[in-house]
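Written below as structure tokens is the structure these notes are about.
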Amino acid sequence: MSETRLETQALSRHFGALRAVQGIDFKLAAGARHALIGPNGAGKTTFINLLTGVLPPSEGRVLLSGRDITSTVQAERVKLGIARTFQINRLFRGLSVLENVCMAMAERAGAAGSMFYPAGRRTDIIDEAMGLLQTLKLADVARHRVSELPYGRQRLVELAITIGLKPEVLLLDEPAAGVPSAESHIILDAIERLPEDIAVLIIEHDMDVVFRFAKRVTVMVSGAVFAEGTPREIEADQRVREIYLGQAVAGTHHG
Amino acid sequence: MSKRTIAALAAAAATALTASGAMTSQALAQEVKVGMILPYTGVGAEIAQQMDRGMEQYLKLNANEVKPYKITIIKRDSKAPNGAASKIDAQELLTQDKVDVLAGWVYSPDAIAAAPVVTAGKRLAVIMNAGTSFITNLSPYFVRTSFTLWQSSYVMGDQAAKYMHAKTAVVAYTDYPPGKDALAGFKTAFEKAGGKVIDAIPAGGPEATPDFTPFFQRAKDDHPDVLFVFVPAGDQATAVVKTYAALGMKAAGIKLVGTGDIVPDNKLQAMGDIAVGLITVHHYNADLANPQNKAFKASWYKTYGANATPPDFTSTGAYDGMAAIVHAVKATKGKIDDGAAAVKSLEGWKFASPQGPIMIDPQTRDIVMNEYLDEVVKGSDGKLHEKVLVTVPDVKDQCKMLGIGPCAAKK
Amino acid sequence: MNFVADFAGILLGGLAAGTVLFIVSVGLSVTMGLMGFVNLAHGAFAMFGGYIIVLAMNRAHFGFGVALALGFIATAALSIVLERTLYRRLYRGGELDQVLFTIGLIFIFIATLIIVVGPESQTLQLPPALAGQLNLGLLYYRTYSVFLIVIGLLIALGIWLTFERTRIGGQIRATVDNRRMAESLGIDVDRLFTITFAFGSGMAGIGGGLGAEFLGLDPQYPLKYLVYFLIAVSVGGLGSVIGVYYASLILGVLDFVLTLYLPKGGTIFIYILTILILLARPQGLLGRKEL
Amino acid sequence: MSVVAPPASAAAPTAGIESAAARMLMRRHRVRWWETLPWLAGIAFYFAAPDYLGFGCDLLVTILFALSLDLALGYAGIITLGHAAFFGVGAYTIGMLATYNVWTEPITSLLLAAIAAGAVGFLSGLVLLRTTGLTLLMLTLCTMTLLYEAANMGAAYTGGFDGLPSLPIGPVFGVFEFNPLYADTQYLFALAVLFGCFVFVRTLVYSPFGQSLTGIRENVLRMHAIGSPVRRRLIVCYTISAALAGIAGALSAQTTAFVNLAVLGLDRAATVLIVLILGGYGRLYGAFIGAVVYLALEHFLAQLYPTAWQLGLGLLLVLISLFARNGILGLGETLWRRFGPRRDTP
């Protein structure tokens, strides 16, 4: 098997009495296509926040390529190659699509700190950004303010920004959430065309998406890993069907 | 009733004329342009109105004094007391409006900031209110017809010891230059006369009215014979007197004294009986009995209505200032734009003002005047009045006399 | 013994001062918490009410109570007009536009007052019943301060009960916590805004009158005391009535005690206190959410 | 701050219509013809209105002050009501140096003022920039007031409310004396300083650093998520802004040869905020428009109606806030978008 990119050991997070995440041991291999599913409130997003360093864990460790990053702050983890999208868009709504992507790339390239020459001279960054937009079929709206785009394409920008960070590990928090099904395919296409070597962890309610995309699936229930396996195995797992799939299938209709 | 309205209208018309005179200078008589720098907006607006009225009354009552000259007043707003606006006003009045005289200045910083301009402009500049002592040292063209805090507070300190036989005093003062001057003036005289200032309490800033309770409570705990207070005339004064009464300090045998600022003419009635018996020193109060003041007041109420804010020391400062300007105009045969000559003509100038006889000190170009030790009494008319207990004549600015700090005349 | 009495006096003074601050500021806290509207012109409504009250007493010779009622009604009415015509256009606008708007409003209030009433400051003539001293056993203290403290307590209780017990109170709390949620629950937020705004301004109006004894009353009022209102609101916590009450009293009393023993400190304490409190609790003492 | 050298500009970017967007970004920082107008106007004013130069200095100082605020408020979205703190520190640096005859050479004094104000900005930024919104507003306001009170307590040295009179300011380049009556030298000096500072700020806002500030204003959480050291950026920005405000204050002390407590007052802080919002924040030129409109209106209205001019000013502010989003420049842009030459995007 290929080596592990991201790993957690006995990772836990408590909010007072609430045990949002408890004792999760989890491995994400290089180039993985891994789905994280589970009923609402199962702690999926909290788990992502622990991986990205938005929240410090109550117990346990997080390792990136074998290196302990438990106490590394969010910004640093991004530099180390962990990028994420948000369940709800977090974009620079007042700026153009191109600027949104350039912002991320400038940070990645370590240019964003420099003060004494115009950003416009970093043609390397701008060209790279345009290239990315073209592959994501966003080039035609590159000049538009993000706030003027339909929601589906805004989600795409959300994705573009994270791809622009050239991550080793990409965490997608319900990338198609809130996107009308008519548009959702543009997101999924984009996800499928992600570079092979990126390890991708996707939180998703829509089972069609999960089965179409994931090679492995982890089921989380009330903060703990409930089951893990290939999509086939998960689908076949009786316990999962009982406590999860039923409501999730229901979920797809308004997902 | 209707008569008064007419009078008021007439006055209004007159003002309008003098004001608009700036634009339409179709003057048959020689026109003398006076640039007036006052805070027409902001915290000083009330004072500016009182001073405008003071000047207006002088010109009204002495119309034939002024002839054949025609005084044109050009008003400029000095806005917030930060010096900047005042300085620009002075520059533009001199360079654009080509005024012959500068005048006004309620707040000392505004006069101080304008000093270099005044010096460079070589025009007479009459300070009609600003009270910081050393201002007149900053330019040879400054002449002051208002007051310095040293004058009233020094006399108060002296009288507190000699007339009221006080041995110990506590001073509470607004924490800005006039307050500090008042403290210094009172302390110097009081201790020279054998008294002792046992505590000095800075009591808040000049703008927002603080609650004086904690300050006065502290003063009360010190058990002095007198509590000398300086606050800017206005709401703060009312608050001072009320707090003094509220804390029962009178009963505790502590007499409240101060400069006239704590019993301003326009607040006296509002204070009510609790003010009765207060002893203060000032160079003017609306009840002064001299003929000039009688005429002044009569015309004042005739013009602005019986319920108008009574005239006060800021009004007379402006009244006397206008008198000084008119004198300089006549003494220089209209060549008042020669600042040096204008100033010279005012050195030693004497004038019978509503506040009594005044003179401009030839050495310091500062005013020399009577200070009155007043007591608040309830009149037969049920209103409160100021009764003069002692008149101290020819009071000079002690800060300059004693050459303290920046007051020391620059040689 | 004597010390105890004096100290009690200081406490009463501080409480009275704090109460005035509370009565004027509480409206601001609710409207800012509820609408997220930065209404710097709040003090202008206090001034307006104060003028109505003082002029009603000094010129029209109304009784104190009547004048207060008049002040409340007039201010509330004016605020409704302004809210309906102008304020609501800016609810969606950025807070900086709101700052510009309310500052402009302050200028208009000030200039209009100077033109109509004149620049001179107004003095409140207390009714004889409130003017004197009151025997509190331990000490004599000015009746009016005691009166204020009681009134303030009643107002705080009244508003608190309205918030906790009544339907509209519940709606207000819900809206402060989460406006979208409230709207989705079918609460008529617009109506709610108008009502609270009118009430808050009316309270400010009364505060302007009641406080005139201590704060004075002149056209500069809205600018002079703006900072104190903002301090009370931010320290108390946006949208929290009880928070503002505590904050006002605490600041009032501490300021008094500190100035008594360290007069050289001048007015500096209230600012130091505010900084310390806000650094420790950015959302204010009882604030529900980040300011 | 890592200063990455720009690579030799790569060959023409991706072809096609799309690259219009790229070209827009690459050209955005270039100087447009109309950007020379303010400076031409500034020079024209010198010859056209020799009697108004005192007012002119006040105007230039206010523009610079508003510009410094724009960097913090308009670009980084740091909401502050205490910016006069730095203006005051700068002004008092000049005041102290001059009064006690330590140093009166104008240009180097400006630098010293900038350093002093920048230091205060850095220290307060370290503590305060953890908060946001009303809390930050109140904290900046209270910090400024603390400095005010401190200056009042030290009145023996600062001159307090009465201020430090008749500051001796050395001649510029040891040749050009300041003129108290016609402020001509002061005006040109102030204009030059403003130009220098403006060029600096302009470079800054178009630099990658400036872009990241905009990012922080637009969505701080996203900035964290793309690995941006947000807090450090904010502190750096705040420090620079403070230093510029310090220069503005110093300039005002030099041109008026006077400084008193008011330089640290809420009055000053509120006015500059109004000026900036009125002109339009996050726009560079909002500071210019706002200052000119506000001060000119105030100055000339006050000459016509000394007692009632605030009414007109108030009306203007209310109207702008009601009918323009983001000040006069914002209004201009809206109109341009609606009636200007048609473009496929705003």
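For reference, chains read A, B, C and D in written order, and residue numbers begin at 1 within each chain.
We adopt the following convention: contacts are C-beta pairs under 8 Å (C-beta built on N, C-alpha and C of every residue); 3 or more make two chains touch, one makes a residue touch a chain.
Everything numeric here is computed off the predicted structure, so don't read it as measured data.
Enquirer: Between B-C and A-D, which chain pair is linked by more C-beta pairs in contact?
Expert: Result of the comparison of B-C and A-D: A-D.
Enquirer: Distance-wise, how many Å sit between the C-alpha centres of subunit B and subunit C, to the nearest whole number?
Expert: Each chain's C-alpha centroid was found; their separation is 35 Å.
Enquirer: Could you please state the distance in Å, as a whole number, between where the Cα atoms of subunit A are centred and where those of subunit D are centred?
Expert: Using C-alpha averages as centres, the distance is 41 Å.
Enquirer: What's the distance between the Cα centroids of subunit C and subunit D, rounded to whole Å?
Expert: 34
Enquirer: Please work out the Cα centroid separation of subunit A and subunit B, and write it as a whole number of Å.
Expert: Centre separation, subunit A to subunit B: 74 Å.
Enquirer: Quick one: which residues in subunit D touch 2 or more of the other chains?
Expert: In subunit D, residues 152, 307, 309-310 touch at least two other chains, as defined above.
Enquirer: Send over the residues of subunit A in touch with two or more other chains.
Expert: None at all.
Enquirer: At least two partner chains per residue is the criterion; list those residues in subunit C.
Expert: 110-111, 114, 119, 264, 266-267
Enquirer: Can you work out from the touch definition every pair of chains that touches here?
Expert: A-D, B-C, B-D, C-D
Enquirer: In the complex formed with subunit C, which residues of subunit D make contact?
Expert: That would be residues 73, 79, 127, 130-135, 137-139, 141-143, 145-146, 149-150, 152-153, 266, 270, 273-274, 277-278, 281, 307-311, 313-318, 320-322, 325-327 of subunit D.
Enquirer: Can you name the residues of subunit C that touch subunit D in the complex?
Expert: Those in contact with subunit D are residues 32, 38, 86, 89-90, 93-101, 103-112, 114-115, 119, 226-227, 230-231, 233-234, 238, 264, 266-268, 271-272, 274-275, 278-279, 282-284, 290-291.
Enquirer: Give every residue of subunit C touching subunit B within the complex, in rising order.
Expert: Result: residues 6, 9-10, 13-14, 16-17, 110-111, 114, 118-121, 123, 125, 131, 133, 140-142, 145, 213-220, 224-225, 228, 256-257, 259-261, 263-264, 266-267 of subunit C touch subunit B.
Enquirer: Which part of subunit D faces subunit A closely enough to touch in the complex?
Expert: 1-4, 6-7, 9-10, 13-14, 16-22, 24-30, 203-204, 206-212, 214-215, 218-219, 221-230, 233, 344-346
Enquirer: Which subunit B residues qualify as touching subunit D in the complex?
Expert: Those in contact with subunit D are residues 38, 40-41, 45, 48-49, 75-77, 79-84, 87-88, 91-92, 94-96, 108-109, 112-113, 115-117, 119-121, 132, 138, 175-177, 180, 205-206.
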